[in-house]
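In this document, chain identifiers A, B and C correspond to the written order of the chains, with residue numbering beginning at 1 in each.
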Amino acid sequence: MVKLFFLLLFFPVVLLAQTDWQKWEKKDVSYQRIAPFLERDYSLSGEDVFGSVTKLFINTYWVLFSNLDGDNCPFNPTCSSFLHQAAKRTNPVKAVLMFTDRFTRDMNPFSRRDNYPLHLTGKFYDPVELYLLEENSVHYLSPSHMVQ
Amino acid sequence: MKIISILFFCYSLSLAQSQLFNSPQEVKKFADYLYCESDYLRAAEEYQRFLRTDKNDTVIFKSVLSYYMMDRFSDVLNFPVSSTKSFVFYDDTQFLKLISLFRLNMFDEFDIEASLIKMSRSKLKTNTEKLIRFTFFMRDSIASKGFLVSPFDENEKTTIENFYERQQNPQHRSPLLAAVFSSIIPGSGKVYADKLGDGIFAFLTTGVFAFLAYDNFKADHKFRGWFFSGLAGLFYAGNIYGSVAAAQIFNAGVQFNFQNDIQIYLTKKKHYLPEYDFCN
Amino acid sequence: MIFAIKKAALFLSIFSAAAFSQTAMQKQYDYAISLYHDEEYFDAITEFKRLLFFDGKNEFSFEANSMIGKSYKAGAKFDDAIRYFVLAQITAPSKDKVFETQIEIIRCNILRRTTDRAIRILSDLEADPSFINNKDEINYWRGWALMFDDRWKEAAAEFEKIEKAHPLNAIAENISKQLYSVTLAKSLSYVIPGAGQFYTGHYFSGALSLAWNILWGYLTVNAFIGERIFDGLMVGNLLWFRFYRGNIQNAEKFALEENLKIINNGLKQLQNEYNGEKP
């Protein structure tokens, strides 16, 4: 009777389980765990002169301040990374304006869940692309989805 | 003689048993079982195996349907099917290809396929017309309300009319207006772009720095006065910039939600694909 | 005499026919097994499903379901693997096979890191009197589940139950001794800013943290003494408190980071160098 119960319980589950809609190969699973900690990228490679100078300032800020005052930024990328990415993609003036706008949004602790999707790191995803004021780069990120 | 016949019968039977899994009929039986278990990839492969030795219209259609059920639209489009009306599932297969083109957003090819379906006097002509209407929404094309609503039943007309209204009046926010509002009252542009919290904090930030600047100038602390003035100016300019960006993001959200609602509605309607009861 | 020969020939023919049909099933099973051994797991599952479909008498039900489970496990599809192991368990022909399948389910749970389920199943097995002779195996897999759950000291104790000089006992014990105490790291940082970082070997971070806390603390106290209350509140709240809290967060973070490095090294060693049975 118990066997029949398990049979009835699991057959519908078997019917619904459809991971085989793509052919798959053998996969070796690593025993090691993934580190969930934020890794800073301190490298200056691929930067022009202005970019290198900006990156040096940001690296100094990270080492002397940001790495010591705790995990305060609720966003991914962090505000300093946001500034760096903005400077790379645009010009210094626009980057500073984008940064101050990001700083203001950082100060608002309310309704983040309704406005930003969650990143895999547990932070709210707020990329530079949305604030370039270029029509092609603005795309809507639904807050109900998780970003990888 | 009798013994030889019996012997021959028994050995034939045993030989047939050894062919148990490989005969076309048994391959088809197994494929049908896999199909009903929703194991579509395996079902499609078994159907392909069957079709190498036998021809069967239902099997051909179920192969295509298996790929469709897995959202493998390119495979549906590339599947070789008979282009003659003698193929029992000709209309259904053509419609499946039409839906695949729709779901791949290949609207130019969709138009061609839809015309062919209409010309061939398909039994799924009404379903085709319904899908054509939705391409007007997806491509943001202009059409009259009457034309868009015409092929739908009474119980669907209200929903289609709502989509039409949303397309005609998208409730966008003007980025220029957002910038103007924020230049007059810091943060108001963000409120206009439906970011109330951000607007309030932008107002408070600019306000606090402006007050600190005024207070320090009043107390004759010139350095601090200029410092806070600079910060106030920076946050004021940043807020105007952010208001423009917020309006753009709002508009992108309106467009996204509109298209998303259409996709949800069509998924609920299964893109007007008829129900096929192959498993009972 | 002739009648006897006829009877014998007829019996032989019917027997051969029956034997051949059994051979067909066995052939299918052997073919599916060959695909499994060739690591063609997806196709192996197809053939085992074909066998199950045509096996009207359920003679191969246990073996086929079990092999489907193993195929899914090889493809790291543990949810599906467990489902088929459960089906195999239902049609298991003996208690030994039930135990064997339960162990497979436990191994899948360990690999997909649902170790609490693995431990629960092991407890149920231990409580079952029919598996009283499998105590060592139960302890062995409980040890593995505890290692994957980062409970190294308890894991070492499990392996010690099997054999005092068990190789996994030494490995688990060694890892357990190396691990930092997160509570101690945080407590040290509560008392002396930077001390937790020193404990975990992050001397530069610890020294900087201490320096910042001394600086902001001095400025805050100085502001209050000078009756500059607003300045004192601003520096105290926005700077001193922020860096003090950051110091405690870092102490915890570094302890967890270092522990993860130690654990990952241990797990890597277990995966690549240990020759015994693994999940």
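One rule holds in what follows: a contact is a pair of C-beta atoms (placed from the backbone, for glycine too) under 8 Å apart; a residue touches a chain by one contact, two chains touch by 3 or more.
All of these numbers come straight from a predicted model, not from anything done at the bench.
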Pair joined by the larger number of C-beta contacts - A-C, B-C: A-C
Chain closest to the middle, measuring from C-alpha centroids that were averaged per chain: A
Centre distance in Å when chain A and chain B are each reduced to the mean of their C-alpha atoms: 25
Length of the line joining the C-alpha centres of chain A and chain C, rounded to whole Å: 27
Inter-chain centre distance, chain B versus chain C - centres from mean C-alpha coordinates, in Å: 38
Residues of chain A engaged with two or more neighbouring chains: 14, 20, 23
Interface hub residues of chain B, defined as touching at least two other chains: 39, 42
Of all residues in chain C, the ones touching two or more other chains: none
Residues of chain B defined as touching chain A within the complex: 37-42, 70, 72, 175, 195, 197-198, 200-202, 205, 234-235, 237-239, 241-242, 244-245, 248-249, 252-253, 255-257, 260
Residues on chain A engaged by chain B in the complex (per definition of touch): 14-16, 18, 20-23, 94, 96-101, 103-105, 107-108, 110-111, 115, 130-131, 133, 135, 138-140, 142
Chain A-facing residues of chain C, complex: 39, 41-42, 45, 74-77, 79-80, 83-84, 86-87, 90, 111, 148, 205, 208-209, 212, 242-243, 245-250, 253, 256-257, 260, 263-264, 267-268, 270-271
Chain C to chain B touching residues, read off their complex: 6, 9-10, 13-14, 16-17, 19-21, 23-24, 27-28, 46, 49-50, 53-54
Interface residues, chain B side, partner chain C - complex: 3, 6-7, 9-11, 13-15, 17-18, 20-21, 26, 29-30, 33-34, 39, 42, 45
